[in-house]
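All remarks here apply to the structure that follows.
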Amino acid sequence: MTVALLVNGRPYERSVESRRLLVDFLRHELQLHGTHVGCEQGVCGACTVLLDGEPVKSCLMLAPQAHGHSITTVEGLAGRGELHPVQQAFRDAHALQCGYCTPGFLLGAVALADRGVALEGAALREELAGNLCRCTGYQNIVEAVERYLRQAAAGRRDG
Amino acid sequence: MQIQETFTVDAPPTAVWKFFEDIERVARCVPGVQSVDVLGPDRYKVLATQKVGFISATFEMATQVESKDPLKSLALSSVGKSVKGAIGNLRSKDRVDFEATPEGGTRVTLTSEVAVGGMLGALGHKAIVSKSKEITEKFAQALQAEIRAGEAGR
Amino acid sequence: MKPAPLEYLTALTVEEALAALARFDGNVRLLAGGQSLVPLLSMRLLRPMAVVDINRIPGLDRIVAADGVVRVGALARYSALEASPVIRERVPLLAKAIPFVGDRQIRNRGTLGGALCHADPAGEMALCAVTLGARLRIVGHSGLRELDAEAFFQGPYTTALEPNEMLETVEFPDGAGTEAVVVEHARRHGDFAVVSVAATGLRAPDGSWRWMRIGLGAVADRARYARRASEGLAGTRLQPADVTAAAARCLEEAGPTSDVRASAEYRRHLVPILVERALEDLARRR
Amino acid sequence: MDKLPWLGASVKRKEDDRLLRGSGRFLDDVEETLTLHVAIGRCPYPHARIRSIDVTRALGHSGVEAVLTGQQVVARTEAITALRPFAGSAPTAFYGMAQEVARYEGEPVVAVAAVDRYVAEDALELIDIDYEPLPHVVTVEDALRPGAPQLHATVPSNVVVESTVRAGEPDRRLADATVTVEGTFRINRVSGAPIETRGVIARWAEDSSTLELWASTQTPHLLRAQLAHCLRMDETDVRVIAPDVGGAFGLKIGVYPEDIIAALLAIDTRRPVKWIEDRTEFFRGAAHAREAVHTLTLAADRDGTLRALRDRYLIDLGAYHGPLGPPLLTNVMLAGPYRLHDADIHRRVVLTNKVPMGAYRGYGQAESNYVREVLVDRLARRLGQDPADFRRRNLLRPDELPFKNVSGVTYDSGDYARGLDLALSRVGYETFRARQKESGQQGRHVGVGMSCYVEFTGYPSSAFLGRGGARFGAYESVTVRMDRAGRAAISTGVSTFGQGTETTFAQIAASLLGLDPADVAIHRGDSKGTPYSVGGFASRTMIAGAGAIEKAAGQIRDKMLRIGGTILGVDPAALETTTGVVRRRDDPSVQVSIQRVSEAAFLGYPLPPGEDPGLEATAYFDPPSSAFGYGTVVVQVEVNARSGEFALQRYILVHDCGTQVNPMIVEGQVQGAVAQGIAAALFEELVYDRDTGQLVNGTMVDYFMPTAADLPVFELDHLETPSPVTPFGIKGVGEGGTIAAAAAITNAVCDALAPFGVELDRLPVTAESIWRALAAARAKG
């Protein structure tokens, strides 16, 4: 069946087998390798992308479900230019080590900023609990997201 | 996990034992059974479908009589894998013990130990725990009915 | 693992969905949020011939308060319920329970109807439906029928839904002015509950409780409304003696099994502790 | 040598840019046309004979190119060798696939290569395998019981190897001591569980008739050596490339059965063959870790002087000896930071029908710390001494170092007591003890627990390893090459799996060459074009790598000074390299750019007489001895004595890893290790059902890896005592954080519940295990 959708603002149309997972479609049909597979069981969150601006686990969706929707993957954040503010915040706070879970966290944080919530501490940790990381112990990730959300909130106030 | 069911039949052990010698009839009492074929002396192929919540699987099992102690006990063991539905495999050891009751009937104790492996075992664990109890209960009821029918017909 | 081959159908109306359900002699699944369904497809535990995507059926996700009830469409996403002022004010128990479900990503896609039809014995949505005495409107070829939540759930992952039926709406009693609490013990944040307790009640002006409803999750083959414990608290002020009695009655309702999360004995030990914790929390509310 | 400019600088990481953009290149991101995808059929039973395999229907399935069975694999390959076997280990022929008997749930039995993974899995279901389940054992006790099923004919009574280490006169000390305590501890089976599972791409290069293998590995060169041996090929004809690796933690060391399977299928089909491990395969195939049962005895005098230690322990090896092998450092580090001269350590490595065990961040040190430090607390309590005072009395003082411990390794340097006191001061230990009595009334119990450790980092030398039968050295190697632009490139066999080596290696090279780290490129993980390397594990890479860079970059620096001397007409001895130039030390205005010097090297003019062109050096560094980091963890918990629920209120770690090359990266390593330490202590366990022998929780849903909401904020502090025996005084730091978590938390819970006399002796510590321990203590009365 055919799937027509927007990914990072660009239109794509592909024919796809109906059983193909959305994450496999993004990675192997559209060659967008920034979204990663960690478990295919809906737990680790490495496959998180934005579906119409909201973080979802793309291993929990079949590709045909994305028809007519707009998806944002990590490749859509900075493109080839400067790092997106959330990427810069992760870099500054050493909030990544192996980098395999990082795209999932980045997109979750961007969605939070878009919702205008400047969460921190325990409330933020609960909001990020859908993404597992095995290298950092989360501390620097929480700090990076806190800093980014404060920046984004301030940006909105001045903007 | 081990499950035990006990029931009494008002037929003497000799009659009950005679019923249990006909393994095909016994196998037909297994809930969800579809077919029983004789492979050889004391060896059978049993096809049975089990539905656990939303998961269903059809198992093709090789069942073997492990030990026979006339009028006292019968032990069966089965090994099988799913041929339709969820991937998984099944091992079970079933033991039936007979005991004459003072009133001239027979107390039958069914002890079965079911192990479901593969994906089904891994994920269906929660559902299977309660389901195995139900399967054994139904098996016991079917045996009971079948024996009584046999008795009445005689 | 990857899903086995399947057909993917999209229904634009309820009728189309029901027609599709009838086509594959029961070997077909509805795809709403997919948060429980898709992993089961990937692990090939479920091998339907087809899935029917009902996400594009308009009007199935509404949250409407009217004539003393709150009607929630089966396709309402957890995140929408979480953000809904109607739910916060009129179905506070649901609002308290949702944060325990999965995580942000799962709550963005998962639906109330999907959770109830999945019928996990430790599921928070089933617990709320049973505790609140919700009514479930089910649509099928032979028209509409309504079921109480307690009648809808029949065992682990087993409901009263017939293969060619679909859950359309869930009707909660209007709980404006009521107090609600959910207490849960789990091995990890967002995990299935080891034991969960839901409690909600209406306080009379004199400070006593006009009625109280307590529900228990993960301690039986389905979510349980603790009837005797609940009725015993009507008219009381949740004094320590009332609370202890209710906790003991709840324990009588519990029949947990053991699994990798906890033993049956420990679940039994936790039931009265969590019931007391929930009721003490309500008692403290002014 | 003035202080190296970039040593100790928290430089932002070179790895970050590509990883943040999502343009990192992990194994599954490597895609080639015509690639076949592999699905592997695995034994669903813990122990079974494979009577027959019928693959005809699978071979006929459209899209299937090849099917491989155990019979072919065993015929065409050698068994997997062990990189670090214990001396005297009985062989356990571990092939790429089971042929007659499969010995653990998950062992490969058949493999299909097809046009894509979905089709390959469809084809797997068409393969009929007739299994005959055999009796199994899933606990070490069952495996040792007389008459237990024997897993390997070559391993009598399932004991792969047995060893005893003795020092001093333990028996006499234990008999004379006034107080002895004994405990039996059960350590849980866990997994490193990186977010990226394993994976491999094998490709037969027709032109060079060589095998190219992309693998998610920490040790490309060791994998290359082991794989060549298994395939009966010369190492020269095998190339291993490690792209970005999504976390490893010791689990991606050496060759695995799936590497052999993919290689054979690639050779047969003459097409690239890719296998990506899914998570259910991961829990039944990737190395498990740590499971062991210890019966430990400690003896002390009335005044609290520790006298002797006796440990009888069993390591649960699983069904085969894996590519690396069971943890060795349990034995070596059992005595920890204490003054002990008398010990008797008896170890048996036992086979069970479970996934073979391998290394996991610490390689035995978390296990030995747990049993010792929990028993030390009980001993102190038995003597009526405060656990901190007992430890202060027995900790080795700085002046006693270097100190050879009872297992024969020599601690180099450190101030163990200062680490303990610093950690205790942060928790306000003195005032806490006072407040603790008063807060115990309302059923809420607050406790503080501690655990001291010394950490074995890096290997003491290739000779030490070679004498022990290891199949790898302790060295590390690099090639450093300048280019015409005056920038440097380091080629290293060490792959990138999150540890930040690309950045730290660049910092050291830049410091020595007078460049900015941004001007140092890193080519990593490819066995072709990098000198023989050992790889990234055992907190050794920084120590050994820094030594190799120091030598290679040093040679290049000296040559640049000579060429600079020729260009400037100055005696090279008066010159230095710094900030991109070669200049006079006493008159910086006399200078020439490193770019100009490099160009001269590559033009071959102007050069000093007899100087060869080129600016490149390869160096190997074999550390003379290992370095011993150390530290103390102090934990504060609050426990609900009725339900067993508890809260981890504070987690404090003070550690010393010698000179820190990049403090930001060091802190990241410690935080990540602490999180995994807490994960294994409180959340995770791989549970096998004793009756069915099956893995009960082999999915991410039921293996409770903690989320951000499950872990507290860690309070870290460090001391910096340079090691006298390593380059720049560096000690390894990758593993330290995992070592002391389980003991410190256990001690804190037991401290909180001291009024009840609660003792905990198994992991993980959960609300239920605390409730059961409370019930047991009450029953004991």
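As written, the chains take the letters A, B, C and D, and residue 1 is the first residue of each chain.
The rule is simple: contacts are C-beta pairs under 8 Å (C-beta built on N, C-alpha and C of every residue); 3 or more make two chains touch, one makes a residue touch a chain.
Source: prediction; values computed, not measured.
> With chain centres defined as mean CA positions, report which chain is farthest from subunit C.
Between subunit C and every other chain, the largest centroid distance is to D.
> Weigh C-D against B-D on C-beta contact pairs and write down the one with more.
By number of C-beta pairs in contact, C-D is the larger.
> Taking all protein C-alpha atoms shown, work out their mean, then name the chain whose own C-alpha mean is nearest to it.
Centre-most chain by C-alpha means: D.
> Between subunit C and subunit D, what is the separation of their C-alpha centroids in Å?
Chain centroid spacing, subunit C to subunit D, equals 43 Å.
> What is the distance in Å between the mean C-alpha positions of subunit B and subunit D?
49
> Express in whole angstrom the distance between the two chain centres, defined as the mean CA positions of subunit A and subunit C.
29
> Got the subunit B residues that touch at least 2 other chains?
In subunit B, residues 87, 119, 123, 125 touch at least two other chains, as defined above.
> Among all residues of subunit A, which ones touch two or more of the remaining chains?
Expected reply: 17, 19, 40-42, 126, 128-131.
> For subunit C, give me the residues that contact two or more of the other chains.
As it turns out, subunit C has residues touching two or more other chains at 1-5, 43-44, 103, 189-190, 260.
> Quick one: which chain pairs are touching?
Those chain pairs which touch are A-C, A-D, B-C, B-D, C-D.
> Once bound in the complex, which stretches of subunit B touch subunit C?
Where subunit B meets subunit C, its residues are 52-55, 85-87, 119-120, 123-127, 129-131.
> List the residues on subunit B that touch subunit D in their complex, please.
Per the stated touch rule, the residues are 1-2, 79, 81, 87-89, 91, 113, 115, 117-119, 121-123, 125.
> State the interface residues of subunit C toward subunit B in the complex, per the touch definition above.
Contacts found on subunit C: 1, 40, 43-47, 118-119, 121, 155-158, 221, 257-260.
> For a test of understanding, state which residues of subunit C touch subunit D in their complex under the given definition.
The touching residues are 1-5, 43-44, 103, 185, 187-192, 260-263, 266, 269-270, 273.
> Would you mind writing out the residues of subunit D in touch with subunit B in their complex?
Interface residues on the subunit D side: 44-45, 105, 125, 131-133, 280, 689, 691-692, 694-699.
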